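The letters A, B, C and D name the chains in turn, as written, and every chain counts its residues from 1.
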Amino acid sequence: MTELSRSAPQVSPKLGWLTSQTQLVLLVTLFALCLLISLAAPQFYSVDNIIAILRQSSLVLIVAVGMTMLLIAAEVDLSVGASLAFAGVVAMDVTNKTSSVTLGVMAGILFGGGVGLINGLIVTKLRINSLIATIAMMMMLQGSVYLYSREAVQNKHLQPLFTWLSTGYVGPLPLPVVVTAVLFAIGYVVLRHTTLGRYVYAVGANEKAARLSGIRPARIKMLVFIVTGLLTGLVGVILCSLMNAGQPTAGRGFELTVVAAVILGGTSLTGGRGTLLGTLLGVLILKVIDNGIIILRWDQDLQMVIPGFIIVIASYLDLLRKKSNAS
Amino acid sequence: MPQSLEARVDRVAPIPRLAAMFRRNETVLLLVLVALLVFFTIGSPTFMTTRNITNVLGQASIAMIAAVGLGMLVIAGEIDVSIGSLVGAVALPLVVIMNATGSLELGIISALVFALAIGAVNGYLSAYLGINSLIVTLGSMFVIRGGIYIYTGQKAIPDDLALESFYQIGNGRLLGMIPYPALVALAVFAVFSYMMGHRRFGRQLYAVGGDAEVARLAGYNVRQSKFIAFVLCSLFAGVSGILLSSRLGSAVHVSGLGFEFQVVAAVVLGGVSLAGGIGSLGGVALGVLILAFLSNGLGMLNLATEWQQVITGLIIIGAVGLDELRRRRG
Amino acid sequence: MQADRSLAGTPTEVSGAPAVTMTGITKLFTGVKALDDVSLTLLPGRVHALMGENGAGKSTLIKILAGVYRPDAGQISITGKLADLRSPRDALRQGIKVVFQEIALIPEFTVAENIFLEGYPTDRLGSIRWDRIRADAAALFARIGFDVNPDDKVGNLPVSKQQMVEIARALAHEARVVVMDEPTSSLTPAEVAKLFDVIRRLTALGMAVVYVSHKLDEIFEIADTVTVLRDGRHISTKPVSEHTHETLITDMIGRRIDNLFPRARGAAGEQVILDVEELSTEKLKGISFKARAGEVLGFFGLMGAGRTELAKAIVGFDPITTGRITIGGQLLQPHDTRTGKALGIGLLTEDRKSEGLMLDLSVTHNMSLASLERFSKSGFVSEPSEKSAVQAFVDRFRVKTPGLTRQIKFLSGGNQQKVLLARWLMRGLKVIVVDEPTRGIDVGAKSEIFALIDELASDGLAVILMTSEMPELLGLSDRIAVLAEGRLTAIMDRADATQEKILDAAIA
Amino acid sequence: MKKFAITLLTATAIMAITASATWAQNMPKKIGYVTNYATHEWYQNVIKGMQDRAAQLGIEFEVRDANLDVAKEVAAAEDFMSQGVDVLIVTPVNEEGVVPLVRRAKEDGIPMVLEGNPVKGMTTMVAICDYDTGYHAGVAAGQYAKDHLGGAAKVMNVGLPLLSATVLRSNGFMDGLKTIIPDATMVHDLDGGGNPDRALEVSSAALAQNADINIIYGINDSSSQGGLQAWKAAGKSQDNLLVVGTGGEGLGFINMMDNEPSYQIEAAMFPEKVGFTAIDAAVKLFNKEEVPPHIVSPTSPMVGKDSWKQFYDLADNKRTIKWDAVNALVPADKCMKTAADL
């Protein structure tokens, strides 16, 4: 390995250059997709449609911000789908019971945070692989949400404020999109420019080294689990508001969409590597595909097939990039 | 040969047997299983009957066959989450060919060839191109399931000819007692348990999963080993899919949804480390049985499904947590 | 069928024909020549030492011989026949066995299984004969004289025993060439003696041995011929008798090093900075000592004596059972590196890869990890000030890197070590614990690291040096402490210390 | 407590009228029901209907949930059989997937009632007529469109191609609609997955593409809810919109009928009644009585704001079915179209 050091400044070959810019590739892909779809269906560029895409993206992106940090810290949370359904049910129920939207929203978000906390405790204290721990958590949440409420909880008092959470606008933009933009910006700054962000990378890249450097990896991981949980709770609340009801059946498969988007964005499953910009592009690409398939009236089953291919291809390109960097 | 060096051969310290037993993950799992059996026997009069036990064994065998394959793959340091989709997908060539030719054998062969092909693609992308197997198989999970939906138009394909042999492989019982799938599972388990413990093939998978670079330096073809593990994993998922298809009497487009989670949970519960190189098929088999008896027994106690999910989740966390604790204590 | 040349075999005639000839070997990594037209001839029954600094190309050459890499140009002949070694498997089939520097064992397997990893004995039906594996492994260790239990799981063994297993493995099967890449880095002198005994027996059986080591004494003791590489080029091949320490070093680094252990600092201060009282852990028993500002306190001990355990306990990495650790008068919270760091103690780990480096991250991020707070205001990192601090250290330590944003995995071992040392110096410590600071580092970089350690002490730090290298211990320390089986058996001034005294205490 | 008493009273009254024959029968000791998806409100209410009826008849009743997993469904039914239930009721996750199960139950001599979907080799099935349900709702929607939407009918179908039943509903709806408005068109045919978040997502895209949509049809209440919420999220006014839901599964449709101006029609399918009928069918099978292969459970479109009150009481966030009103509905002898016609 030491011999490699002297090859370091070497300029990569052509394909290497192309693939060395993961985010550039994603950006080009995104533009190409938009272009192709809009050629076939001009409605793609309608304001309504763009807002629809942004709104859908925002739900995924909020959780993806947390998930990106988790993957960078070399952990994962597959319970987000089940957790957001439960959080929505809790939020609606508390809103109904207290007639306070604020309390309801807080309850939903805190519920998500609580799930994140428990996930974090299981992973850091019991040291169970987070993949398994959060699959188990997913099962438990799916079961217990029905112990909590067997029915979808309706917006009983018709709090308009509650509905506004998802359908309201700030200027020309839907509220969820604005909220997402703010959260994304915060996440971006935290990850890029703060000590906390550095520690997240450090813990994922080499946990022991981080600990020897006076960092407490368990705390960092706990924190990221909790953040992911809180963000999941928030999405649960927004989705609940969007559906005007807390649906225990919501969120099935949501975790896979989020993980897929994050991976597509170039974040490594083994930790220590990844960016939020990549995640943003990953989310947008997946959601534009989803939207495009409907707009083009293609077989909706392709909504599963195409992302499947794209994830594999993107990972392969990423691999080529790493190879061209290394050799 | 210099004499002086011959002397101290027998320095092997005797291992305290009982303590060693408890240090083994399988023993703990076996105790958990026995405890569950005792508990359910007390809780429900119909639980400990030949009928019910053979019934559960039949049910568990579908997951067992796939879990043997996945267990070996995880031991080799890789994972395949597309097996759920594959279990659903193999039923298509099976039933379509069977309907067209009237031959169960041809159907089975084409199903297995299909499974092999999927395994080869997963294996090639992961072992030879080096793409993370979780990503590859997450991708193929989506692609295969979407493909099933597109091909079938989201409708099940019935077994038009109602072949008796097709019905029997999944539903029949030897001497009216032991379900055929259980025999298949037992055979697969026995053969590959032996392979993993007593053949170069199995040790190679352990070595490759334990440390791929070391295995390569020891003269193993790492890529080939992993590739074979992928193919076997798909092949066994294919066998599971064939038996399941027989139990369902058709190719059901939604069959196998979530199956991968069940099997991964069983494999991990069985003490196989997702990092590779650690675990045994005996543990995997116990993991499958624990989950199967848990589901059956909790049903017998007339516990609502939601409680079953919660309890299963807790048991997975508990068992894996205990195992982790045990390992840390060394 | 060639004669059985495993350790069990009978001596065969040492013929003059080369066992292996490598000619004109060139290997490029993205256009950069790691090896440039290197040739090597290995004679049966001879020990051929391969010398050179890290990055000289030794490992690449060995890996080509082992089939790990394929050369871009050049030929390999084995007993006169051209051989194409496409994979380690091909090399093994040709009877080329390698003891790798980085231990190449499966941690989850038992010692015995690891020994037979390359070829399990099987019965007629192809089932593995576990009984034979155990018995043969036990017999093999008995013959070599290493004290290793074949039933132990390799992952549970200390590095020294793992190294013995690694050596034994190369001897388990029939071999034509045995390559040993720094096989003794974790062995005690007694074990090294046993190894040399084995090597002599191997050569008596007609095997060719390639021996790589940074320890010059070993080379002069065991080798017949020495080949020196530098910057990927062949520098010299001579009988060892024609070399002196000085000529060998000159060949290796292209210049003379007059003093490996420069001492620029003055006498140690009086102020006690680190006070360890009755420290016990699972491994350590009641250890007490004090370290003063400006002194290098060297800890010697054989493998398994507890040096690394002590290092990890006093920085708060590992839990302790009893005892007090006081730094600058303040009590350290055990098992908590954060308060350790706050009190000013840090560890330069012996295991760079798994405990020190964040391989995927940049030089900057690796270096600044422990001192981010210094560059940050209310949690935000000020990148300009971070960058200038990192640049200052890169310049001061002469870290060879194409840029600060370069991923650290592309740097050489010596440069990586400098970055890790800088990680702590940037922070400003009162006590630094350095555990085997020169493991896997070549002579040139070694002297730089030694100079840095000296500099640290002269800056007023207490340096706790954990080492198994006697010259290092004697060359650097002000005082010397000796560990044996988890106990502190002696502590003496450098002036009073002799090699014999130290070894006596270490064996006690 | 009072409510319970009323329920019981009503139930007893109905029993006295409709089920006097039942008393003469032998009662099975235990009935096991394997449901498709217990967590869905529809099945919750089917189960409620079964539990109530079983309690009246003094039958022990157990439920297991397949949770949308075919394999698990077969296993749950096997568990019931090995546990020794007298009659099995099964809602197939997939019609083809339980064919062998039907055969094995026959071999074991355990009578089996199918709920919802027909299965090859079955004795009897209790189900609504999906096509008819959609059709009648379609007719009502046509009338509404003629009166309030200027006779235009551009439909977004929030469908579920996965199940033949839901496809039949969509087809029925369009056919019924066309009897009043012949040039009605299905502008966009979606797969909403039958759950609200997915329905919402796909509807958002479809609504963005087709500005002319004025009728949203959902194959269940979650789907119509998802469609409507997508409409609202797009910031559109409900003035010229008609939303038609199907099922009357839980509280969702009541909430929407009460509060959403566009939600005017619900194709109610009375899950409680389905459950009730299934238990009765099970008792008949147990007594080896003749039963038709398809026992139709009635459905009815509810049109207009307060129409749901005709069939349901709502108190304490719980709905109670008005048995007399539901039992007064006369089910068709035969469905207009079934899965076989697809």
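Rule of thumb we're sticking to: a residue touches a chain if its C-beta (ideal position, glycine included) is under 8 Å from a C-beta of that chain, and two chains touch if they have at least 3 such contacts.
Please read all numbers here as calculations on a predicted model, not as lab measurements.
Taking each chain's centre as the mean of its C-alpha atoms, the one that lies farthest from the centre of subunit A is C. If you average the Cα atoms of subunit B and of subunit C, the two centres end up 42 Å apart. Each chain gets a centre from the mean of its Cα atoms; for subunit B and subunit D, those two points are 38 Å apart. One simple way to say how far apart two chains are is to compare their mean CA positions; for subunit C and subunit D this gives 73 Å. Subunit A and subunit B have Cα centroids separated by 30 Å. Multi-chain contact residues, meaning those touching two or more other chains, occur in subunit A at positions 146, 301. Of all residues in subunit D, those touching 2 or more other chains are 38-39, listed in ascending order.
The multi-chain contact residues of subunit B, meaning those touching 2 or more other chains, are 154, 304-306. Across the assembly, chains come into contact as A-B, A-C, A-D, B-C, B-D.
Of all the residues in subunit A, the ones that touch subunit B in their complex are 122, 126-129, 131-133, 135-140, 142-147, 256, 259-260, 263, 269-270, 299, 301-305, 307-309, 311-312, 315-316, 319. Every residue of subunit A that touches subunit D in the complex is listed here, in rising order: 41, 43-44, 46, 48-49, 51-53, 55-56, 146, 150-152, 154-156, 158, 163, 166-167, 169, 174, 239, 242-245, 247-252, 254, 290-291, 294-295, 297, 300-301. Interface residues of subunit C facing subunit A in the complex, by the touch rule stated above, are 29-32, 34, 54-55, 57, 59-60, 232, 315, 317, 336-338, 340-342, 346-347, 349, 354-361, 365, 368-370, 372-373, 376, 379-381, 383, 400-402, 406-407, 409-413, 415, 423.
Partner subunit A is touched in their complex by these residues of subunit B: 125, 129-132, 134-136, 138-143, 145-147, 149-150, 154, 261, 264-265, 268, 274, 304-310, 312-314, 316-317, 320-321, 324-325, 328. On the side of subunit D, the complex with subunit B involves touching residues 38-39, 62-65, 67-72, 74-76, 78-79, 81-84, 93-100, 103-104, 120, 161-162, 164.
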